[in-house]
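A short worksheet on the structure shown next.
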(Lines give C-alpha, C1' and ligand atoms only; values in the text may rest on other atoms or scores of the structure.)
Protein backbone atom coordinates (compact mmCIF):
# COMPACT_ATOMS: atom_id res chain seq x y z
CA UNK A 1 0.00 0.00 0.00
CA UNK A 2 -0.90 2.58 -0.95
CA UNK A 3 -2.66 2.08 -4.28
CA UNK A 4 -3.49 4.98 -6.55
CA UNK A 5 -5.77 4.36 -9.57
CA UNK A 6 -6.55 6.79 -12.35
CA UNK A 7 -9.29 6.18 -14.88
CA UNK A 8 -9.62 8.56 -17.83
CA UNK A 9 -11.54 8.96 -21.04
CA UNK A 10 -9.26 8.10 -23.94
CA UNK A 11 -10.04 11.38 -25.75
CA UNK A 12 -7.73 13.06 -23.21
CA UNK A 13 -4.70 11.08 -24.38
CA UNK A 14 -3.93 13.79 -26.98
CA UNK A 15 -4.14 16.57 -24.43
CA UNK A 16 -2.56 15.07 -21.34
CA UNK A 17 0.74 13.23 -21.01
CA UNK A 18 -0.56 10.43 -18.79
CA UNK A 19 2.90 9.23 -17.72
CA UNK A 20 3.66 12.78 -16.55
CA UNK A 21 0.35 12.82 -14.65
CA UNK A 22 1.18 9.53 -12.96
CA UNK A 23 4.56 11.00 -11.99
CA UNK A 24 2.90 14.14 -10.56
CA UNK A 25 0.69 11.95 -8.37
CA UNK A 26 3.66 9.80 -7.34
CA UNK A 27 5.62 12.90 -6.26
CA UNK A 28 2.63 14.36 -4.38
CA UNK A 29 2.05 11.14 -2.44
CA UNK A 30 5.73 10.81 -1.55
CA UNK A 31 5.84 14.46 -0.40
CA UNK A 32 3.12 13.81 2.16
CA UNK A 33 5.24 11.71 4.46
CA UNK A 34 3.01 8.99 5.92
CA UNK A 35 3.00 6.81 2.81
CA UNK A 36 6.09 4.63 2.31
CA UNK A 37 7.73 4.94 -1.13
CA UNK A 38 8.40 1.20 -1.24
CA UNK A 39 4.69 0.36 -1.24
CA UNK A 40 3.42 2.98 -3.65
CA UNK A 41 1.71 1.87 -6.86
CA UNK A 42 0.24 4.58 -9.10
CA UNK A 43 -1.40 3.43 -12.32
CA UNK A 44 -3.75 4.63 -15.04
CA UNK A 45 -6.39 2.97 -17.22
CA UNK A 46 -8.00 4.55 -20.29
CA UNK A 47 -11.58 3.88 -21.33
CA UNK A 48 -12.49 3.94 -25.03
CA UNK A 49 -16.24 3.57 -24.45
CA UNK A 50 -17.99 6.20 -22.36
CA UNK A 51 -20.85 8.70 -22.06
CA UNK A 52 -19.93 11.87 -20.17
CA UNK A 53 -22.48 14.48 -19.00
CA UNK A 54 -24.27 15.86 -22.10
CA UNK A 55 -22.16 13.60 -24.33
CA UNK A 56 -20.34 16.29 -26.28
CA UNK A 57 -17.35 14.58 -27.91
CA UNK A 58 -15.02 17.10 -26.21
CA UNK A 59 -16.17 16.09 -22.73
CA UNK A 60 -13.47 14.29 -20.77
CA UNK A 61 -12.90 13.01 -17.25
CA UNK A 62 -10.13 11.85 -14.97
CA UNK A 63 -11.27 9.93 -11.89
CA UNK A 64 -8.77 9.05 -9.17
CA UNK A 65 -9.03 6.56 -6.36
CA UNK A 66 -6.52 6.36 -3.51
CA UNK A 67 -6.67 3.21 -1.37
CA UNK A 68 -4.58 3.41 1.76
CA UNK A 69 -3.78 1.29 4.77
CA UNK A 70 -5.63 1.93 8.03
CA UNK A 71 -4.02 3.98 10.78
CA UNK A 72 -3.82 7.52 9.39
CA UNK A 73 -5.73 10.22 11.28
CA UNK A 74 -8.68 12.05 9.73
CA UNK A 75 -6.46 15.12 9.43
CA UNK A 76 -3.76 13.17 7.59
CA UNK A 77 -6.31 11.76 5.19
CA UNK A 78 -7.90 15.18 4.56
CA UNK A 79 -4.48 16.69 3.94
CA UNK A 80 -3.50 13.85 1.61
CA UNK A 81 -6.58 14.45 -0.52
CA UNK A 82 -6.07 18.20 -0.60
CA UNK A 83 -2.39 18.02 -1.52
CA UNK A 84 -2.83 15.40 -4.25
CA UNK A 85 -5.97 16.97 -5.69
CA UNK A 86 -4.29 20.37 -5.63
CA UNK A 87 -1.18 19.11 -7.42
CA UNK A 88 -3.22 17.39 -10.12
CA UNK A 89 -5.56 20.37 -10.55
CA UNK A 90 -2.57 22.67 -11.01
CA UNK A 91 -1.00 20.28 -13.49
CA UNK A 92 -4.22 20.14 -15.53
CA UNK A 93 -5.06 23.82 -15.26
CA UNK A 94 -5.53 24.35 -19.00
CA UNK A 95 -8.20 21.65 -19.12
CA UNK A 96 -10.32 23.57 -16.63
CA UNK A 97 -10.21 26.58 -18.96
CA UNK A 98 -12.48 24.57 -21.26
CA UNK A 99 -16.08 23.82 -20.28
CA UNK A 100 -15.52 20.10 -20.90
CA UNK A 101 -13.55 18.57 -18.06
CA UNK A 102 -14.18 16.78 -14.75
CA UNK A 103 -11.65 15.72 -12.16
CA UNK A 104 -12.42 13.67 -9.06
CA UNK A 105 -10.65 11.88 -6.22
CA UNK A 106 -11.86 9.42 -3.60
CA UNK A 107 -9.84 8.07 -0.67
CA UNK A 108 -10.79 4.69 0.79
CA UNK A 109 -9.19 2.70 3.60
CA UNK A 110 -8.27 -0.95 3.14
CA UNK A 111 -9.52 -3.23 5.93
CA UNK A 112 -6.37 -4.60 7.64
CA UNK A 113 -8.22 -7.77 8.69
CA UNK A 114 -9.08 -8.59 5.08
CA UNK A 115 -5.92 -7.70 3.20
CA UNK A 116 -2.68 -9.48 2.48
CA UNK A 117 0.55 -8.26 0.94
CA UNK A 118 4.10 -9.33 0.12
CA UNK A 119 6.72 -6.96 -1.12
CA UNK A 120 10.30 -7.58 -2.19
CA UNK A 121 10.90 -3.89 -3.00
CA UNK A 122 10.56 -2.69 0.61
CA UNK A 123 13.55 -4.80 1.63
CA UNK A 124 15.73 -3.42 -1.14
CA UNK A 125 14.81 0.17 -0.31
CA UNK A 126 15.48 -0.34 3.40
CA UNK A 127 18.88 -1.83 2.57
CA UNK A 128 19.95 1.08 0.43
CA UNK A 129 19.19 3.61 3.14
CA UNK B 1 -20.47 12.24 -9.40
CA UNK B 2 -21.99 9.90 -10.15
CA UNK B 3 -19.58 7.36 -11.59
CA UNK B 4 -20.79 4.30 -13.46
CA UNK B 5 -18.26 1.57 -14.35
CA UNK B 6 -18.86 -1.43 -16.57
CA UNK B 7 -16.41 -4.32 -16.80
CA UNK B 8 -17.04 -7.03 -19.38
CA UNK B 9 -15.39 -10.08 -20.85
CA UNK B 10 -14.03 -9.22 -24.29
CA UNK B 11 -15.78 -12.21 -25.90
CA UNK B 12 -19.01 -10.18 -25.63
CA UNK B 13 -17.71 -7.44 -27.93
CA UNK B 14 -19.05 -9.35 -30.96
CA UNK B 15 -22.50 -9.74 -29.43
CA UNK B 16 -23.05 -6.45 -27.62
CA UNK B 17 -22.59 -2.91 -28.93
CA UNK B 18 -20.83 -1.55 -25.88
CA UNK B 19 -21.29 2.11 -26.82
CA UNK B 20 -25.03 1.46 -27.09
CA UNK B 21 -24.97 -0.21 -23.68
CA UNK B 22 -23.16 2.77 -22.15
CA UNK B 23 -25.82 5.02 -23.71
CA UNK B 24 -28.63 2.87 -22.27
CA UNK B 25 -27.10 3.23 -18.80
CA UNK B 26 -26.61 6.98 -19.30
CA UNK B 27 -30.28 7.41 -20.27
CA UNK B 28 -31.48 5.28 -17.35
CA UNK B 29 -29.45 7.28 -14.80
CA UNK B 30 -30.64 10.60 -16.22
CA UNK B 31 -34.28 9.40 -16.16
CA UNK B 32 -34.07 8.80 -12.41
CA UNK B 33 -33.93 12.45 -11.44
CA UNK B 34 -31.63 12.74 -8.41
CA UNK B 35 -28.38 12.44 -10.39
CA UNK B 36 -27.22 15.62 -12.15
CA UNK B 37 -26.43 15.18 -15.86
CA UNK B 38 -23.39 17.45 -15.58
CA UNK B 39 -21.61 15.07 -13.21
CA UNK B 40 -22.39 11.76 -14.89
CA UNK B 41 -19.52 9.61 -16.14
CA UNK B 42 -20.41 6.18 -17.58
CA UNK B 43 -17.53 4.10 -18.90
CA UNK B 44 -16.65 0.53 -19.88
CA UNK B 45 -13.51 -1.60 -19.66
CA UNK B 46 -13.01 -4.94 -21.43
CA UNK B 47 -10.95 -7.77 -20.00
CA UNK B 48 -9.09 -10.10 -22.36
CA UNK B 49 -7.94 -12.49 -19.62
CA UNK B 50 -10.59 -14.17 -17.49
CA UNK B 51 -12.01 -17.40 -16.08
CA UNK B 52 -15.80 -17.44 -15.80
CA UNK B 53 -17.77 -20.09 -13.93
CA UNK B 54 -17.05 -23.50 -15.57
CA UNK B 55 -14.76 -21.80 -18.09
CA UNK B 56 -16.70 -22.60 -21.25
CA UNK B 57 -15.40 -20.23 -23.94
CA UNK B 58 -18.97 -18.96 -24.51
CA UNK B 59 -19.33 -17.80 -20.88
CA UNK B 60 -19.45 -14.02 -20.59
CA UNK B 61 -20.12 -11.41 -17.92
CA UNK B 62 -20.94 -7.75 -17.54
CA UNK B 63 -20.35 -6.32 -14.06
CA UNK B 64 -21.53 -2.81 -13.25
CA UNK B 65 -20.60 -0.55 -10.37
CA UNK B 66 -22.43 2.70 -9.59
CA UNK B 67 -20.67 5.07 -7.20
CA UNK B 68 -22.84 7.94 -6.02
CA UNK B 69 -22.61 10.91 -3.71
CA UNK B 70 -24.05 10.63 -0.21
CA UNK B 71 -27.47 12.06 0.56
CA UNK B 72 -29.92 9.86 -1.38
CA UNK B 73 -32.50 7.95 0.67
CA UNK B 74 -32.49 4.14 0.82
CA UNK B 75 -35.62 4.16 -1.34
CA UNK B 76 -33.95 6.34 -3.97
CA UNK B 77 -30.93 4.05 -4.06
CA UNK B 78 -33.08 0.92 -4.31
CA UNK B 79 -35.09 2.47 -7.13
CA UNK B 80 -31.93 3.58 -8.94
CA UNK B 81 -30.60 0.02 -8.90
CA UNK B 82 -33.88 -1.48 -10.05
CA UNK B 83 -34.39 0.98 -12.89
CA UNK B 84 -30.83 0.72 -14.22
CA UNK B 85 -30.61 -3.04 -13.81
CA UNK B 86 -34.01 -3.41 -15.46
CA UNK B 87 -33.04 -1.24 -18.43
CA UNK B 88 -29.79 -3.13 -18.97
CA UNK B 89 -31.45 -6.54 -18.55
CA UNK B 90 -34.07 -5.63 -21.15
CA UNK B 91 -31.39 -4.36 -23.52
CA UNK B 92 -29.43 -7.63 -23.17
CA UNK B 93 -32.43 -9.94 -23.22
CA UNK B 94 -31.09 -12.19 -25.96
CA UNK B 95 -27.96 -12.95 -23.93
CA UNK B 96 -30.08 -14.38 -21.13
CA UNK B 97 -31.64 -16.79 -23.61
CA UNK B 98 -28.24 -18.53 -23.68
CA UNK B 99 -26.98 -20.45 -20.61
CA UNK B 100 -23.72 -18.47 -20.67
CA UNK B 101 -24.26 -14.98 -19.31
CA UNK B 102 -24.03 -13.14 -15.98
CA UNK B 103 -25.03 -9.55 -15.24
CA UNK B 104 -24.45 -7.76 -11.94
CA UNK B 105 -24.70 -4.31 -10.40
CA UNK B 106 -23.44 -2.85 -7.14
CA UNK B 107 -24.18 0.62 -5.76
CA UNK B 108 -21.69 2.20 -3.37
CA UNK B 109 -21.71 5.62 -1.71
CA UNK B 110 -18.68 7.91 -1.87
CA UNK B 111 -17.62 9.31 1.52
CA UNK B 112 -18.13 13.11 1.27
CA UNK B 113 -15.37 13.70 3.82
CA UNK B 114 -12.82 11.88 1.68
CA UNK B 115 -13.67 12.98 -1.83
CA UNK B 116 -12.77 15.98 -3.95
CA UNK B 117 -14.08 17.14 -7.31
CA UNK B 118 -13.82 19.95 -9.80
CA UNK B 119 -16.04 20.23 -12.84
CA UNK B 120 -16.08 22.76 -15.64
CA UNK B 121 -19.02 21.05 -17.39
CA UNK B 122 -21.55 21.81 -14.63
CA UNK B 123 -21.07 25.54 -15.16
CA UNK B 124 -21.64 25.28 -18.90
CA UNK B 125 -24.78 23.20 -18.43
CA UNK B 126 -26.17 25.63 -15.83
CA UNK B 127 -25.52 28.55 -18.18
CA UNK B 128 -27.37 27.00 -21.09
CA UNK B 129 -30.51 26.44 -19.02
CA UNK C 1 -20.73 -13.27 -7.15
CA UNK C 2 -17.98 -13.60 -6.36
CA UNK C 3 -15.89 -11.18 -8.39
CA UNK C 4 -12.11 -11.42 -8.52
CA UNK C 5 -10.14 -8.57 -10.15
CA UNK C 6 -6.43 -8.54 -10.89
CA UNK C 7 -4.59 -5.38 -11.92
CA UNK C 8 -0.97 -5.66 -13.01
CA UNK C 9 1.80 -3.59 -14.50
CA UNK C 10 2.19 -4.51 -18.16
CA UNK C 11 5.95 -5.07 -17.78
CA UNK C 12 5.05 -8.38 -16.07
CA UNK C 13 3.38 -9.75 -19.20
CA UNK C 14 6.72 -11.18 -20.37
CA UNK C 15 7.38 -12.90 -17.05
CA UNK C 16 3.95 -14.12 -16.00
CA UNK C 17 1.40 -16.08 -18.01
CA UNK C 18 -1.62 -14.07 -16.94
CA UNK C 19 -4.17 -16.62 -18.18
CA UNK C 20 -2.41 -19.24 -16.05
CA UNK C 21 -2.54 -16.86 -13.07
CA UNK C 22 -6.26 -16.28 -13.58
CA UNK C 23 -6.71 -20.08 -13.67
CA UNK C 24 -4.70 -20.50 -10.44
CA UNK C 25 -6.99 -18.00 -8.71
CA UNK C 26 -10.09 -19.69 -10.18
CA UNK C 27 -8.97 -23.07 -8.84
CA UNK C 28 -8.10 -21.65 -5.41
CA UNK C 29 -11.52 -19.98 -5.05
CA UNK C 30 -13.36 -23.13 -6.13
CA UNK C 31 -11.31 -25.25 -3.69
CA UNK C 32 -12.53 -23.15 -0.76
CA UNK C 33 -16.10 -24.40 -0.85
CA UNK C 34 -18.35 -21.46 0.09
CA UNK C 35 -18.15 -19.74 -3.30
CA UNK C 36 -20.40 -21.20 -6.02
CA UNK C 37 -18.62 -22.04 -9.30
CA UNK C 38 -21.56 -20.74 -11.34
CA UNK C 39 -21.12 -17.19 -10.06
CA UNK C 40 -17.34 -16.90 -10.21
CA UNK C 41 -15.79 -14.24 -12.44
CA UNK C 42 -11.99 -13.88 -12.34
CA UNK C 43 -10.49 -11.25 -14.63
CA UNK C 44 -7.28 -9.30 -15.19
CA UNK C 45 -6.47 -5.79 -16.45
CA UNK C 46 -3.00 -4.58 -17.42
CA UNK C 47 -1.83 -1.00 -16.95
CA UNK C 48 0.65 0.49 -19.41
CA UNK C 49 1.11 3.75 -17.46
CA UNK C 50 2.38 3.51 -13.89
CA UNK C 51 4.90 4.64 -11.29
CA UNK C 52 5.92 1.93 -8.82
CA UNK C 53 7.91 2.58 -5.64
CA UNK C 54 11.30 4.06 -6.66
CA UNK C 55 10.30 3.83 -10.32
CA UNK C 56 12.95 1.38 -11.47
CA UNK C 57 11.77 0.01 -14.82
CA UNK C 58 11.98 -3.55 -13.41
CA UNK C 59 9.49 -2.79 -10.61
CA UNK C 60 6.20 -4.60 -11.09
CA UNK C 61 3.00 -5.19 -9.16
CA UNK C 62 -0.03 -7.44 -9.12
CA UNK C 63 -2.97 -6.15 -7.05
CA UNK C 64 -5.96 -8.40 -6.44
CA UNK C 65 -9.43 -7.54 -5.23
CA UNK C 66 -12.00 -10.15 -4.20
CA UNK C 67 -15.57 -8.94 -3.85
CA UNK C 68 -17.89 -11.45 -2.25
CA UNK C 69 -21.50 -11.71 -1.19
CA UNK C 70 -22.40 -11.12 2.44
CA UNK C 71 -22.95 -14.04 4.79
CA UNK C 72 -19.54 -15.66 5.16
CA UNK C 73 -18.07 -15.76 8.67
CA UNK C 74 -14.93 -13.84 9.58
CA UNK C 75 -13.07 -17.15 9.73
CA UNK C 76 -14.24 -18.12 6.24
CA UNK C 77 -13.13 -14.77 4.87
CA UNK C 78 -9.73 -14.98 6.58
CA UNK C 79 -9.23 -18.49 5.25
CA UNK C 80 -10.26 -17.44 1.74
CA UNK C 81 -7.66 -14.69 1.73
CA UNK C 82 -4.93 -16.94 3.08
CA UNK C 83 -5.59 -19.77 0.66
CA UNK C 84 -5.82 -17.56 -2.43
CA UNK C 85 -2.88 -15.36 -1.47
CA UNK C 86 -0.85 -18.47 -0.66
CA UNK C 87 -1.65 -20.12 -4.00
CA UNK C 88 -0.75 -16.99 -5.95
CA UNK C 89 2.44 -16.38 -3.94
CA UNK C 90 3.58 -19.95 -4.61
CA UNK C 91 2.78 -19.61 -8.30
CA UNK C 92 4.82 -16.38 -8.52
CA UNK C 93 7.67 -17.54 -6.30
CA UNK C 94 10.41 -16.63 -8.77
CA UNK C 95 9.23 -13.01 -8.88
CA UNK C 96 9.83 -12.67 -5.15
CA UNK C 97 13.43 -13.75 -5.68
CA UNK C 98 13.94 -10.38 -7.37
CA UNK C 99 13.84 -7.13 -5.33
CA UNK C 100 11.25 -5.68 -7.72
CA UNK C 101 7.85 -7.20 -7.04
CA UNK C 102 4.73 -6.45 -4.96
CA UNK C 103 1.67 -8.62 -4.54
CA UNK C 104 -1.50 -7.60 -2.68
CA UNK C 105 -5.04 -8.80 -2.04
CA UNK C 106 -8.08 -7.12 -0.54
CA UNK C 107 -11.42 -8.76 0.26
CA UNK C 108 -14.55 -6.61 0.31
CA UNK C 109 -18.18 -7.57 0.92
CA UNK C 110 -20.92 -6.47 -1.46
CA UNK C 111 -23.93 -4.87 0.26
CA UNK C 112 -26.88 -7.22 -0.41
CA UNK C 113 -29.34 -4.31 -0.17
CA UNK C 114 -27.57 -2.45 -2.96
CA UNK C 115 -26.70 -5.17 -5.43
CA UNK C 116 -28.56 -6.91 -8.23
CA UNK C 117 -27.67 -9.93 -10.33
CA UNK C 118 -29.03 -12.23 -13.01
CA UNK C 119 -27.28 -15.36 -14.10
CA UNK C 120 -28.15 -17.88 -16.79
CA UNK C 121 -25.08 -20.02 -16.06
CA UNK C 122 -26.20 -21.06 -12.57
CA UNK C 123 -29.28 -22.76 -14.03
CA UNK C 124 -27.25 -24.71 -16.56
CA UNK C 125 -24.77 -25.87 -13.91
CA UNK C 126 -27.54 -26.93 -11.52
CA UNK C 127 -29.16 -28.93 -14.33
CA UNK C 128 -26.02 -30.83 -15.16
CA UNK C 129 -25.51 -31.95 -11.58
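To keep things simple, chains are lettered A, B and C as they appear, and every chain counts its residues starting from 1.
We take it that a residue touches a chain if its C-beta (ideal position, glycine included) is under 8 Å from a C-beta of that chain, and two chains touch if they have at least 3 such contacts.
The structure presented is a predicted model; accordingly, all values stated were derived computationally and were not measured.
Between subunit A and subunit B the CA-based rotation angle works out to 120°, given as a multiple of 5. Under half of the residue numbers found at the subunit B and subunit C interface occur in both copies, marking it as a different-residue contact.
Once the centre of each chain is set as its mean CA position, subunit B and subunit C turn out to be 22 Å apart. Within subunit B, residues 45 each touch two or more of the remaining chains.
Residues of subunit B touching subunit A in their complex: 1, 3, 5, 18-19, 22-23, 25-26, 37-45, 67, 110-111, 113-121, 123-125.
The part of subunit C that touches subunit A in the complex is made up of residues 7, 9, 45, 47, 49-55, 59, 61, 63, 74, 77-78, 81-82, 85, 89, 95-108.
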